[in-house]
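Two complexes, one shared chain (chain A), two partners (chain B, chain C).
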Partner chain A sequence: MTNGIGRAASALLTYGLLGLMAFLSVFPFLWMVLGATNSSIDIIKGRVLPGEFLSTNVDKFFTQVNAPLVFWNSAKIAILATVLTLAVSSLAGYGFEIFRSRHRERLYRAMLLTLMIPFAALMIPLFIMMGKAGLINTHIAVVLPTIGSAFVVFYFRQCTKAFPSELRDAAKVDGLKEWQIFLFIYVPVMRSTYAAAFIIVFMTAWNNYLWPLIVLQSNETKTITLVISSLASAYYPDYGVVMVGTVLATLPTLAVFFFMQRQFVQGMLGSVK
Partner chain B sequence: MDNLARAYLPRIAGLALASVSFLAVTAAEAKEITIWCWDPNFNVAIMKEAGARYTKTHPDVTFNVVDFAKTDVEQKLQTGLASGTADALPDIVLIEDYGAQKYLQSFPGAFAPLSGTVDYSGFAPYKVEVMTVDGQVYGMPFDSGVTGLYYRKDYLEQAGFKPEDMQNLTWDRFIEIGQQVEEKTGKKMMGLDPNDAGLVRIIMQSAGQWYFDKDGKTNVTGNPALKAALETVGKIMSANIYKPAAGWSDWVGTFTSGDVATVVTGVWITGTVKAQPDQAGKWGVAPIPKLSIDGATQASNLGGSSWYVLESSAEKAEAIDFLNEIYGKDIDFYQKILQDRGAVGSLLAARGGAAYEQADPFFGGEKVWQNFSDWLAKVPSVNYGVFTNEADTAVTAQLPALTQGMPVDDVLKAIDAEVSAQIQ
Partner chain C sequence: MSDLQLSDICKSYGSLEVIKGVDLDIKSGEFVVFVGPSGCGKSTLLRMIAGLEEITSGDLTIDGERMNDVDPSKRGIAMVFQSYALYPHMTVRENMGFALRFAGVAKAEIERRVGEAAKILELDPLLDRKPKQLSGGQRQRVAIGRAIVRHPKIFLFDEPLSNLDAELRVHMRIEIARLHKTLAATIVYVTHDQVEAMTLADKIVVMRGGVVEQVGSPLELYDDPANLFVAGFIGSPKMNFLKGAIEPGDGGQLCVRLPDYGGAKIPVQLKEAAPGTPVTIGIRPEHFNETGPAALDLTIDMLEHLGGETFAYARHGKGDLVVIETKNGRGLKSGDCIAARFDPDSALVFDVNGRRLR
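Let's turn to the complex of A and B:
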């Protein structure tokens, strides 16, 4: 009996804590969605109930913002950045793990050290570089600095440790060249690693703010994060419209995540079984 | 395997081709003036109106108004100027008055001087002071934050005060009235955000002083106006006639919800006050209360910004002519932006136009714009200096100590120490 009570109490505690954590992570999201249905004044007053202003807010958002262009810009940058980052950084991660050389570890550590330099310190030199290259106000300037990502290289190297060397040996015996091994053996085997990296890189690129802000100069090239920032910084921001913008801006990352959730979890647990 | 490679290669080639199209640079057309500013419903909309007016008489000049958040404009301007990459900058940029000296002094030669072209005697003197460095005037004065005391006639009447009683107040009298208002109506006198030094700044400038003197030296410990301002805010807090607000939206909520009897702030709040149709006819506007020290006035300013032309601009001559033609002379333009956007410019002659002459039924038929225009000309000129934001942070940090009863002289010393530390 006491045992039963103890078990019930511990279950209560567990679920209570889990419930609290779930609430803490879900509430901001819920508030954002409900905010999109309320007027700005109601949001300021702290209303957390569904309102009747959804269509008004959506209308206002689409009249104030050139949504198709802005989302196209964001998507273009995010997809291009993701594909290129995965291609370049996975090759680097593969190379670091597979090929031995005298300075491999030293080079690798030096690369990891770059993770510790805050972006703000690199911003102005990078900006001058892009200026000299004539790339200011282009999407390619947004994408380029993200391609060689030390974190993604690190992630791929870690995962490559689980890539069986027998597979590579067998492929060599079959007469495959190095690039063929990478493309036709490594990539398919590591697909859940790619999926997990895809989600991480896509989200980072989609939500990227500071660098696009610095390098993009015109209304035609702006991304959704910049547009939301501009809407929210008005003297009297229309929070309903801002909420519609944030909801719409969240959808693509949400879709990518749900679409790749299974692979993501697998990737996080380790690719190769 | 080779088949697979053949299947993949065209895709890779396609990708490479696709990325070339991302290189598309937006080519600058001849005589297109690019402008950076913030707030799509205010500055951006106003600049588009100004541009449209200029294009009517100068069809060869078009405008590209790009909107970013205010902090984003500052960030981009800072990066662009620091990198020395000229094509990374717009032709005209909006800068908040409090930050103007910082840019003008940190980047000498980056902004085009307009003295000689623009007749600055037509503008509110305090706005011109903001953009003057070594006798040269840069920039075109734009919106003003001339302050007023917005009050609820109904609440004050309930407490036994008529509009006449609100006209020539001292801050001590204001607090007395506040106590009676609370006694009779249960409403607090004003909303106050303890993390916002805005009220301190308003009161200080109303007596012609700032955190810095005319030479830019820190002016904190020996500053009678700052001392009196802090004392006043301390008294308001200890008399407990305020409704505490956490942040801007909350502060706005104190008066839109009808919880407080007065609002002391810049004229740009008028639109928000009027956004509550159920409160029509219940509001009045008076000049702000004054301090009881030398140089005290009933006119002050909160916020406001101005336009600056970049020296590196390829369209510099057109940009200057545009600002001078529209913002420097077009009285009709000022009526339009007042009517449509509630923007009060700094050109004194604008008061002669129809919109400024109009009585506002929302304020019980008062000619509020004429009043604001009167006060605008009287705002004392001060030097906002390079470090206003740093000084503001120091004041905000010390406000809690003030409410806990620390002597004002000690608070001033603490602020001075913090400002000095921040500046070095």
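Let's turn to the complex of A and C:
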């Protein structure tokens, strides 16, 4: 009897905590969607119910913002950054794991240490470098500093540990060169790892704010995150319009996650079984 | 079919020498098996033949051509790996034709060769499946098929059956033997399973610590081992080793006295051995019988009845266990005292360094 009550109390506590966590996770998203249907005043008053201002907010958003251009800018940067990051970092992760050398571990640890340097310490030198290279106010300047990601290299190296060395040997016996082994064997075998990394890198690149804010200076080059930020920091911000922008900005990352979630989970568990 | 020669082959990782001057001559069409305990260097030697490990020194020749620095794909070899190493993203057909595609072989020819290999290995219904949809035995057949389509001069097998269950292993062993007959191919095969070695090989190479201990046909190694290691490694259950010393026997014949076995004296035929020399005599479990002139007084510790035969594990006092194989052991019980008889001519004698004394 006592056991039964104890178990029920424990279940109640567990479900209560999980419910609270779920609410904390879902509520901001719900509030954002409901906010897009309300007026700015309603939002400030804290209304969390569907409103009647959706079409007004959408009209205002598309009037105030050159949406196709900013979405295109964001997409261009996110896709370019993702493709280049995956190409460079997966090659580096593969190389760190497969090729032995005396300095491999030292070099790898030095690379991991760069994870501890905050971006705030890098942005001024980066800005100066981009300025000298004549890249300020270009999308290349946004993409370049992100493609050699220590975290993604680390992730690929860890996943490469599960890549069977016998596959590489078999490919060598079959006549493949190192680059062919990487391209025709490693990449397809590790596709779940790539999918998981794609989601992480794409979301980071799409949501990137601070560096684009510094390096992109004209309206023609700005991304959706910068535009939403400027809408929110206007003298009289229209929060309904901000919410519409935020909902629209969230959709591409949601779509990517939705279509690749299976591979994402597989990639997190390990591509090779 | 092709000849393979290894001349004074060495392999070192820094200061660690793992293969220490191997000389070997493999004739065209031979089935050669490398056996030895884990870490003896048999897989490393195979990988050196394949070109997957660099040769530190020595010469590797195939058909008289030095191959030390030749790319694995250009050596005319094909390799079957322990874990099959099938490309998981390709179908069976693609896996089998992959090397040919890279070698620039025409599509029609690839199809023909894949079809031919699939027919030999009965893989036709599986050609469009991915490796994950196959059983262990089917995967192994695909791995062999992938090797066959290349029409290699030499097949290399690296413990190909160790991932299979016992029943399938026996089945695949027969398949590989059949394949060797059909293709009349030169095969170099690595295993730690001496049953595989004994049943498949024309020639067995026994290795230990990077050194070839003995090369010979399975029965040569069984009947006439060069040293204690080979004698113990070949044969299952392994040979019994009893420590003793040379003593002069009756009529001038030498004998070995076994102090741990009640001072039993075993007459031996040796050309030269000084009395008092410490030696080890080896008796195979199956060489015990009911009529032999020599005998050991033993007490049975444990019995294993396998139906056709019985293995009795017996000892004298607190001495080492002696394994006895008998066809008439059904009536035996633990604790029985027996006189384990054998023919002293079947006993082998080894010196303190493990070298065979003749």
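Basically, the second predicted complex is superposed on the first by the 260 of 273 C-alpha atoms of A that agree within 3 Å, B and C clash if a C-alpha of one lies under 4 Å from a C-alpha of the other, contacts with A are read in each partner's own complex, and residues count from 1 in each chain.
The definition used in the following text is that a residue touches a chain if its C-beta (ideal position, glycine included) is under 8 Å from a C-beta of that chain, and two chains touch if they have at least 3 such contacts.
For clarity, every value in this text was computed on a predicted model and none was experimentally measured.
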(message) Under the superposition described at the top, does placing chain B and chain C together on chain A give a clash or a fit?
(response) fit
(request) Spot which of chain B and chain C makes contact with more residues of chain A, would you? (result) B
(request) Could you say whether A:Gly6 touches chain B, chain C, both of them, or neither, answering first, second, both or neither? (result) neither
(request) In the overlay, answer first, second, both or neither for which of chain B and chain C A:Gly19 touches. (result) neither
(request) Using the touch definition from the top, say if A:Leu176 reaches chain B (first), chain C (second), both or neither. (result) both
(request) For the superposed three-chain arrangement, provide the angle chain B-chain A-chain C between C-alpha centres, rounded in steps of 10 degrees. (result) 160
(request) State whether A:Glu166 touches chain B only (first), chain C only (second), both chains, or neither. (result) second
(request) Go through the superposed model and pick first if A:Pro50 touches only chain B, second if only chain C, both, or neither. (result) neither
(message) Contacts for A:Val189 in the overlay, against chain B (first) and chain C (second): which applies, first, second, both or neither?
(response) second
(request) Give me, in Å and rounded to a whole number, the least C-alpha distance separating chain B from chain C in the superposition. (result) 5
(message) Per the definitions at the top, what is the overlap between the chain A residues touching chain B and those touching chain C?
(response) 176, 180
(message) Please output the residues of chain A touching chain C within their complex, sorted ascending.
(response) 164, 166-167, 169-176, 180, 185, 188-189, 191, 272
(message) Per the contact definition, I'd like the list of chain C residues that touch chain A in the complex.
(response) 47, 50-52, 71-74, 77-79, 81-83, 85-89, 98-99, 102-103
(message) Quick check on the complex: what are the chain B residues that touch chain A?
(response) 1, 4-5, 8, 15, 19, 22-26, 34, 38-42, 64, 66-72, 75-76, 79-80, 82-85, 87-88, 90, 249-250, 252-253, 256-257, 268, 271-272, 275
(message) Considering only the defined contacts, which chain A positions touch chain B in the complex?
(response) 41, 44-45, 64, 76, 80, 83, 123-124, 127-128, 131, 134-140, 143, 176, 180, 183-184, 210, 213-214, 217-221, 226, 229-236, 239
